[in-house]
């Protein structure tokens, strides 16, 4: 198929290469000339404007967005609409909030445009060698896209989850689970590192990859990061988050679903992003107030 | 090698078959005649007393315990000791608490016996087709056991973690991580089940097995259990625990390591085992007391 | 002052009596004739329609809502607006969500009406004998209401928290803290109840009321509920929630503030409201799948 | 009564003054001459050796320990034993672990000595003006001590909780609840500080002291600490812990009681004591590994 791919960052470029390797014609566009040129250097056709992109595509056009979730998606869609024709297709392969997706679907549908949301998992490597695709789309559109999806996914790695919005919803929950799993691994590794035995952490992650109950890709990655640096001493403990874990917990709250593990994994990230905790200062001050327990004061500058 | 295997339950029998398939001579013993006979039915040599078992083994004897953690291990070891000779080897392949293992090591060493702890992961299937073995043992003993370990483990799935005790320690933490991962999956599945889309849960678990960040054996199993029964309606939500998650949290507390995710996963299990929560009754009664909020009263019998 | 009080439930009636005792003229209205008549039986003037209520009030009218948060507040306000005149005052003394309050403020302001939100704490007894009032209002309106607020509050128990919305915001966080405190008390009581000593729980709650660090009204109430029934055996462990704890956690998520304790106290309530946990069933089924651990099946009907 | 008080720190000295004010004869001893002299400066009789202390006391001697929990208690008791006579009484008024108390009780009983554990709450101010005393002791001993306990406790603030050990057990759980309550307050304050309104935190703590559901001594203290410094900018967010919260969680784990709130309050303290989180580094590194998400690296020195 012919695909206009918008966004040629780490994920987008790899996805372009993945599509190209499977015989699809990819025309890439990115906000900066440098990014487009880098993609061209990798053998991807590139254009320097959305208008040019649309012109190069044969209707019904297929435009695949691989841009940061949030305002960027709205901006790109708004810029595209004037150039598009009825029946053209926009696919949002990014980590958009499913409620934004539902809103965009209505807007685009009213314009006669088709829209699919593809929750994309597998990281940068997955984008290159086979993604896991959770596809929210009308049945007909899904069938139209299926040959492409089959090519760029890991074997067995694509699913029509339901109507538009459902792909991003399922991906959101996927990431919530991922938060919990990663935090569980992190906690376990810290116990291993501080426990009574002198242990070879990379070797333990490695053996757990083979035959254990907790084997899986996250353990593969754990071995990799620990093998590079067993004590991770040059890495800060700040864990950013890109929204999906937060949305998962917000969704759970709305539904009244108890999610202690996912929410705590999220709050550990919140805490890691704080320079200091006001709550912690209050508690420290309270202890001092009633018990005279030493409170640590900051050094004067 | 020649192995005397004590304990022919789900794990023990499969391990015996695994060893046998790799050309090792297994002589099995279990507490009940029925269990021994079942193993014999599967082609495993069986004996009906510990004394007979020891007699059949050529020194230095290798006796592998696959019995429930706790008092049973002590009992079996105590019964074995009188029959054994200096240099004989006991391997504890069960889920023993590593502090018990350290204690047993000292006792056995004082008797001139050798002892190794093998944390065994992979479930029943792993026992049959390739375990993940975390081996705590003196270097010499590990090397002696290595050919057997290599045969019965998944490719790459065995590791000399360190001195006696370290194998069970590492397995304990493995299970703590497992608790957290499983709870994360459970929470995610509940959000999917209750969210705004009508979703095919087994299909989602299946697609997540292929190319996603959270792919791994637990997701393979999730697909299996959901495929058998998408709503799990005949299964109770009671999650028992066999000690290792608890010990992991206790260890973390001793070490001052924050383990919010693993400890919450454990406490969810605690709660699931309670018929009712006294804490919950107190809070419900308090709400009623200050706010007149309706409290639910039990129906009279 | 003259006050038109809408809502004569547990909180509203007590507040009416409180106002009346301090020399204020209260005219009460409630949705049902029975509720109005009950208030009349307590010596409160009552009317049977909003129109009648408004007619009896001298402009600038002061109308105090003590109705359930949510749609009821909007409904009552919408019904009132046609009868009111510029400068009339509506006070929302209920547990409204502060974002609803901000919205209502804009609507009422556009109509020339004045609006104040009063977060009201202290439970039913506080309503009768002295509330804690967190008042969001324009400065002028606050000063106008202050004599009334002073009369009906506990000594020192009212505060102008800031502009409209801030009263309900502060009350929301108050309730979040309350959730955490109550859960802490519940957990402690359960440990006492199950620990190695046979303890007199009501007596312990009583002694903690006197001189301890955790003394306070919640401990007073804890003594009361345990004194009525030391084992709470006729009370179910279902803890409902009325929204404010949920909003507190949602606000914390928006702000990126880690709130492990408040969010867990909320999730304990979620769990208590579930007949069974789907997440729990998934985890139980997973354990069974890999380890052959017994899963509890439901009895057939 | 005549009391030999060992330990004249913040708590001990205030307790001595409290006893003295009620007409009891206190003879104080502390490890350093300076501490004894400071107590003398406050009008407390002081001695410079345990031997001297014992000599000054009329049998049956009453010796009250107010020393740090743990080894110090054992050390002092061991030093005292040779000087004491049958029927003499040791009271441990500190924060000892109840299992240590049970052990000491057996040792002292075997020597013909009497022992009581008094969990003491109320902080430094309580020690001076009226404690909350949770008393574990044999009935006869409790009755013997009661007049003294009545004098030094807040009105209503002493209780015979049961046999030796129970006083420290109840105090342990008290502190667990305290951890949860304080953390709830801290979290609430942080939301207030970061929310959409500019709020006067000390004023809010103050109004919550009057008539609110969450009024109590911890809120009194919260007002105090915030009034000194509304933003707490010179206080570090490090919250140390002295053992009792940890023991409470360990006890809950042993009993299978879910304590999400108390355990999370404890783990927040653990985290606050860490310079950096190894678990956090693992998670940050994993995110980077699969998603190419920027990881923050430490600045080179």
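Descriptive notes on the structure:
Lettered A, B, C and D in written order, each chain numbered from 1.
The rule we apply is simple: contacts are C-beta pairs under 8 Å (C-beta built on N, C-alpha and C of every residue); 3 or more make two chains touch, one makes a residue touch a chain.
For each chain, UniProt lists the protein as follows: A, B, C, D = 6-phosphogluconate dehydrogenase (Decarboxylating).
The structure presented is a predicted model; accordingly, all values stated were derived computationally and were not measured.
Touching chain B and chain C at once are the following chains: A, D. Ranking all chains by how far their C-alpha centres lie from the centre of chain D, first place goes to A.
At the interface between chain C and chain D, over half of the residue numbers involved are used by both copies, so each side presents largely the same positions. Separation between the centroids of chain A and chain C, computed from CA atoms only, is 40 Å. Work out the mean CA point of chain A and of chain B, and you get 34 Å between them. Looking at chain B, residues 123, 183, 185, 187, 190, 194, 213, 217-218, 257-260, 264, 267-268, 271, 277, 279, 290 sit in touch with two or more other chains.
For chain B in complex with chain A, the touching residues are 121-123, 126, 130-134, 153-159, 161-163, 165-166, 169-170, 173-174, 176-181, 183-185, 187-188, 190-192, 194-200, 203-204, 206-219, 248, 251-252, 255, 257-262, 264-265, 267-268.
Of all residues in chain A, those touching chain D in their complex are 10, 123-125, 182-183, 185-187, 189-190, 193-194, 217-218, 221-222, 224-226, 229, 232-240, 242, 260, 264, 268-269, 271-272, 276-298.
On the chain D side of its complex with chain B, the touching residues are 213, 246, 249-250, 253, 256-260, 263-264, 266-268, 270-271, 273-274, 277, 279, 290.
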